[in-house]
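Chain IDs A, B, C and D follow the sequence of writing; residue 1 opens each chain.
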């Protein structure tokens, strides 16, 4: 199985992005039977369409899994996104200075796509590991949601599974406890848990024995 | 130097209290030149007065430092308290079922005492270690503030230094990211930093070289 | 034009619902050229499907507008919803005791529908009137989102326009300022503004002169 | 009885201050047996010391009541402050550009003063009128707390009663529901209730019949 993992670079008023660090640190991460492809994406409209083009060119002969990570400042833990909507509506411009308001991501595309990841199972496995996390019902209307929509749209016919995970602020970004944070060590653990669970389980079905994780 | 460290047991709807775990884990902690006395306090009015009596009986011949820890659910990081006020005003009863409303902690005592810890230095040292933390201007009106007031009141003539530190929820208490949390590992590191800084520095004076930590 | 307006009765731990009061108070409200049909809905799965059936039976010969109101405790002002998703995932049972987890609202239906209301124009008109409000990207996964999805699904072929507006807590529900509230007078004004704007303008196009409201 | 009422002008990034508007609107407000003196204060250290000097010059022959209002953005309703602490610790400079860090308001003064207003009665009367409000345990460490401390310190020997009330953002300041707000009409009602209650009742004693309001 080929597993595409992406993170974003810094944007807005932040100088770092924990999901960029994730991509760096996952370089040495090995999972039997899976080939991890790591992608650090710029926070630009162009960047996410380019990545979608790359994903859409994948061979249909291989099983593909796509997991995208992004930063969502203000959240109280890891959040796995339930749904991507066909709408760009930025509150700040992207890193190219482009500002899109009420613009479809894919003109004529469906209004939304649900995640293709086992979102409840991933949440349950985070919880079992003592990592705060929840399911989120909105990925916003910026590039995170845009990437999530595109990765679902351009892999919809190939059978690839995929979804999006939001990471909260880490302690190196918010040092004065003015916003909720999570330690980067927990973020890295949570990312590995999510990747492993998504590789092993295509959906949220209850496991033999009754548990979900 | 004798260092009295206290934490509280569980209260309200929580089944655990990270400050109880702190007391357990600090048992193996050694600091040169300091004798740590660890105290797990019940969440009762009686319990904090008993502890104050113990503190007030300390010999004046030895240097004494008192650091009390308590849980403040909802906070976004470690918080070191600036001031204790002479008021019990509970929103839930204590673990003995006692509910005190608008009641002085020490009738006739001063309205408040400032902390005797180097609060800005401790905050700066947390920040330097990547641990989210801030100074808080209210310890509430429950037993945490009560203990803080009592420890200041009953050591005011002996020259003992002391203060109070609030710990946020940890991931084992809030598993669904509905409230901000901090990893227990970070809480333990933050507690050790605070204890060491308080032992070494009586106040917030700027260090040689210009830094505070 | 026929305008269907709905609110919900109380649910969960609340004894009142400001959207029930809206339905009562709009009884004496008259708009030229519009016939208002007011509906107080029970907070049950059955109730929203019954209402959808009623809406789907409307004649195609008349212009129809559907505006549904619901309570969203914790929000900081009026929120007009952008999108309804095809998912029931309750955190509390409905008033019949039914608890639906990860269940499609319309099996085989599209993942989501965008609102058919001029959401940015309504937001701008609230702002112009000094009423706090914003566009929301999630209506949740309870009955509010369910009703929103159903009203879009069952009027999708008839050309009816429609959408959903969430109302925050009012001061009679939260009296201790523990959650954000809005005065009921402002909620009523906001509802009337939304109804009038939706009647007059099918979309968010910029008005002659450059303003949106 | 002479009643000194104060509000502040704009500060920080806000262009208006609802407590300045209060001072304007209370100009036409009459209460039998009370002479209202209205003061619009600049948001400067100098301004609050000047006002304290004015208050300290009041004749001891007349009964004096002092109620100060200030803005506390982010709060969810009216808040009546319990305690003023002897500490300036600004996060932004005052309107003169002065920035005070960890500085006593009155060197050698007591660490804190409790409010001289019937805080629980005022809270209860707000609640009875459907106005969201609570008691706050910190007035911060900026000029609001500074004024509160000074008005208590400089009237401590004269028997004057006095205290401080924080007002949340109003809808004209925060128009996008990104922070909690209260309608200005409710703020004005709340201010009048507080003034009347403080004139009539020196403390929180239970009224004949058992109610507090």
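Just so we're on the same page, contacts are C-beta pairs under 8 Å (C-beta built on N, C-alpha and C of every residue); 3 or more make two chains touch, one makes a residue touch a chain.
None of the values given here were measured: they were computed from a predicted structure.
Among the remaining chains, the Cα-based centre furthest from that of subunit D is the centre of A. Rounded to whole angstrom, the centroid-to-centroid distance between subunit B and subunit D, based on C-alpha atoms, equals 30 Å.
Separating the CA-averaged centres of subunit A and subunit B is a span of 39 Å. Taking each chain's centre as the average of its CA atoms, subunit B and subunit C sit 47 Å apart. Multi-chain contact residues of subunit B (touching two or more other chains): none found.
Touching chain pairs in this entry, ordered by label, are A-B, A-C, B-D, C-D.
Residue ranges on subunit A touching subunit B, taken from their complex, read 75-79, 127, 130-134, 171-172, 174-183, 185-186. If you check the complex, the residues on subunit A that touch subunit C are 82-83, 85-87, 89, 102, 110-114, 120, 135, 137-138, 140-141, 204.
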